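Chain naming follows the written order as A, B, C, D and E, and within any one chain the residues start at number 1.
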């Protein structure tokens, strides 16, 4: 939940008086022109940035102050892949697995689900193609089955099949009661897979727009503030 | 090819005989020196070993230049440079060792910070660096380019080593053999022995470099074979892929036929 | 925390094994500097032995600096640091892990350097225990400060030059103390009870503690 | 023109026996799954890589041996923006302008056409959003009005308006007799804007497929080899 | 080629002005090392003056190394080097431009360092012409070798450690020569006709020439 938040980068307020909510079991999308502040909002929620005014809360905790507690339940996929170039894809995944204590699952299995062959997994990451890297990062971001998954342009650089995979993944997360917030320029695609969405334009959020096909019932909790489960939101 | 093998074998034999001759002349025929006593016998090894190191690095830089120069660019020059540098490093190490052995009784230390000694040690490191650079993984031609440039720059130290005794006026023996007028200041059987030792160590160098060059060639050939095998393997996969695409009716899809339309 | 530390250290050393920076580059670098110094100090062998502890430690600190730089350039590429944070590793654990891997790499360099100093400079070792223990704590101190400042500098875009500026002055006392301890160890004036060693232990532990406590804030900055 | 080319990366033949042609006045697209070799092919044509077997020719010159001559006529937009982080967008463009000797045009004008405001142009590049960077790189790649424009996923990270801009740009290039080769995962979009295309799959090129709407007449020069202007192709 | 060189140099210096690495980090670094050395050598002012040329040049070379490293890390981020190639700049021009900007940065550092040595160490300058000219050529040599090897090392993933390894030994002779020239210049034994200066000129020009000729191959690799 983000309330009246203003985010300054340098001396410029990139986000201005932003209100944003996401509830359990839904996929919320963000779209809007380049440079409008989508990445900034996601980084605010992930606790990489802090609000100059207003507040950002995740699971009822302050996104900046309690970010360490929050991160255990958050997966973040950014524009850039946070990978070690000198390690193979498999080693990167293994390291992330141990670091996040999400031991279940063989890295090769996880990777196969994301369309990475064992041969590819054995290559050093700096040799991989753009889409292959993205998939490896994806594997790592979803490793812990986070309660809240933040995706910044997950579709970019992926092929058709990869994009479908991402959509399925988002739906699976929502249907198992978790939350996905996704920023994407593939508006049609992401609208189809999501429940609600915001248009982000020059630092202002406009919305939420509700997906008529599925979104309607979801909106209720937001107004009342009572229907929210488990404190994901105020 | 068979002929080549014969000549290389012959070279090995001649070099061996030369070394044995040096040994015999140096230890049994020549007299001990008035000042240096028996120690002078190191004269038949140490300078020739140092000379071979120079020669080796010279060959390396020639190979490097020939590789860098677009018109003569060929991996064989790079292999030659690599082979020669490796042998050069061995001989530089020998120079350092024999020099140390000589230094112990004459200067009473194994090592001292004399200019020639220091620059020789630098020379050793420069070419170790050259060999390390070759080990940084990269495509074959890139390795060659990098190494050639490094080999060229490193060679500048050779004249410095040679001139160091003059420039820094040091402890070390100044040029007795390779002086400007090229008139050795040693005489008689000593001179002869030194000549034999120079020639035979040069032959040893030649033999080692040729051998090393052949090994480099084999490694490159082996790599090429691996590449060929990988390509063949992939071609097979590709055939299967293409067949499946064609049967699914996309279109005429022989990859070799990319130029035409159906 | 210890587990996190182990994971980080293991990962760093694995990357080291893969890229062989230490083996192929750091050791020859050490050798070069050793020779340059030898030449600069000159022919009087006496002086060289006397100041060899100083030279040893100046070189050791410089190569520690390189090891630290490398350790954080690993995290900088592809902003892997953000990744570490996202994994929710404990900052203390990350700190310890980095210190451990840098410590280990430095020790390898120091052993090599030690061999060089003994054989080429002709340094004698009298109280080996003192030498070893003081070296260990000095390295601990440098690795701790270096890791702390390495993380600080890594966040900026100018780490190559900021890092030495931060690390060198703050480790200068350690450098002086360990040099003194080594001089004592060589002349065997005092054994393991050397007061300089005490100072090193204190420094090493204080730096380690400061790092442990403040690393969280630095990483998140 | 690429004939029977095999490109090795490490010990692995990433492209195998590839044949590819592009002619003046056309847009040629490449599509296919992640890691299939599209980027590799573009880099081969740009002269960053060399063929282990077969040959690659651009404007009748060998792509590797004569790459310096070729580069004067080629614009390349890669996955990554080749920008200096510490300079502003405007300074980056100005530098590229002077370096490539394409003095005509005010950087601010060029940028405006690509949807970058003067304010954005005054920011250091590392502060820009992903899409804004892409636009700056785009400005630089097209700066010299190159005869041959290589675009590697130009649509990724751009918003709807930005993607349309790219499509227009490609068409403009083709209609003025230049050539565009574009690799993209936005298959529908790129097919609509292009004349011919190849499917790239596991290192093999399949095609060309001709766009029925516009492609047919364009193909002629390829068969005869006579219709080609200015030696762009064999 | 000269035009290309100017563009590159201008760009590098502009980046320097923007990021202020030199001003904010390199100069303090120099000051720190200067003081450390002073401390290490001790209080006898006599020795300090005698070895100040050596200290001056060791520090100057180390900071040149940092400047070179920085110059190529600029190109490495976002693979800007690929960009340079794509612009079709002449390799010779790129080389000269890089050499020029590094040279300029080094000269700034050396002036600062020179002031430090004169005022803090109390070094006297007798033959200023010899000092200045030999410094210029020594810096030219280092900048040339550094640029060449900087580009070489930048292409690999281990540049932080590979660069010093390559640059230090190949510039060591220059270091030795310029130190000698400075000793002469201070004691005013010989003026501008010093043979060491001749050596430096030869070195500087040879390195520059090798760089000019081979930079193209290195960049493209």
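Everything below uses one rule, namely that a residue touches a chain if its C-beta (ideal position, glycine included) is under 8 Å from a C-beta of that chain, and two chains touch if they have at least 3 such contacts.
The structure displayed is predicted, hence computed values, not measured ones.
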item	value
Subunit A to subunit B, fewest steps along touching chains	2
Interface with more contacting C-beta pairs, comparing B-E to B-C	B-E
Farthest chain (mean CA position) relative to subunit A	B
Intercentroid distance (Cα basis), subunit C paired with subunit B, Å	36
Centroid distance [mean C-alpha coordinates] between subunit E and subunit D, Å	39
Rounded Å distance, subunit B centre to subunit D centre (Cα mean)	45
Where subunit B touches two or more other chains, by residue	115, 122, 125, 129, 132, 136, 141
Multi-partner residues of subunit D (each touching 2 or more other chains)	85-86
For subunit C, residues contacting two or more additional chains	19, 24-25, 28, 32, 35, 39, 157
Complex contact set, residues of subunit E against subunit D	4, 7-8, 11, 14-15, 18-19, 74, 77-89, 220
Residue ranges of subunit C in contact with subunit B within the complex	20, 24-25, 28, 31-32, 35, 38-39, 41-43, 45, 48, 120, 122
Residue ranges of subunit A in contact with subunit D within the complex	9-10, 31-36, 39, 79, 115, 120, 127-132, 134-135, 153, 156-163, 185, 187
Touching residues on subunit D, where the partner in the complex is subunit B	4, 6, 8, 11-13, 16-21, 50, 52-53, 198-199, 201-210, 219, 222-223
Sites on subunit E touched by subunit B in the complex	145, 148-149, 152, 155-156, 158, 162, 165-166, 169-170, 172-173, 176, 199, 203, 206-207, 210, 213-214, 217-218, 220-221
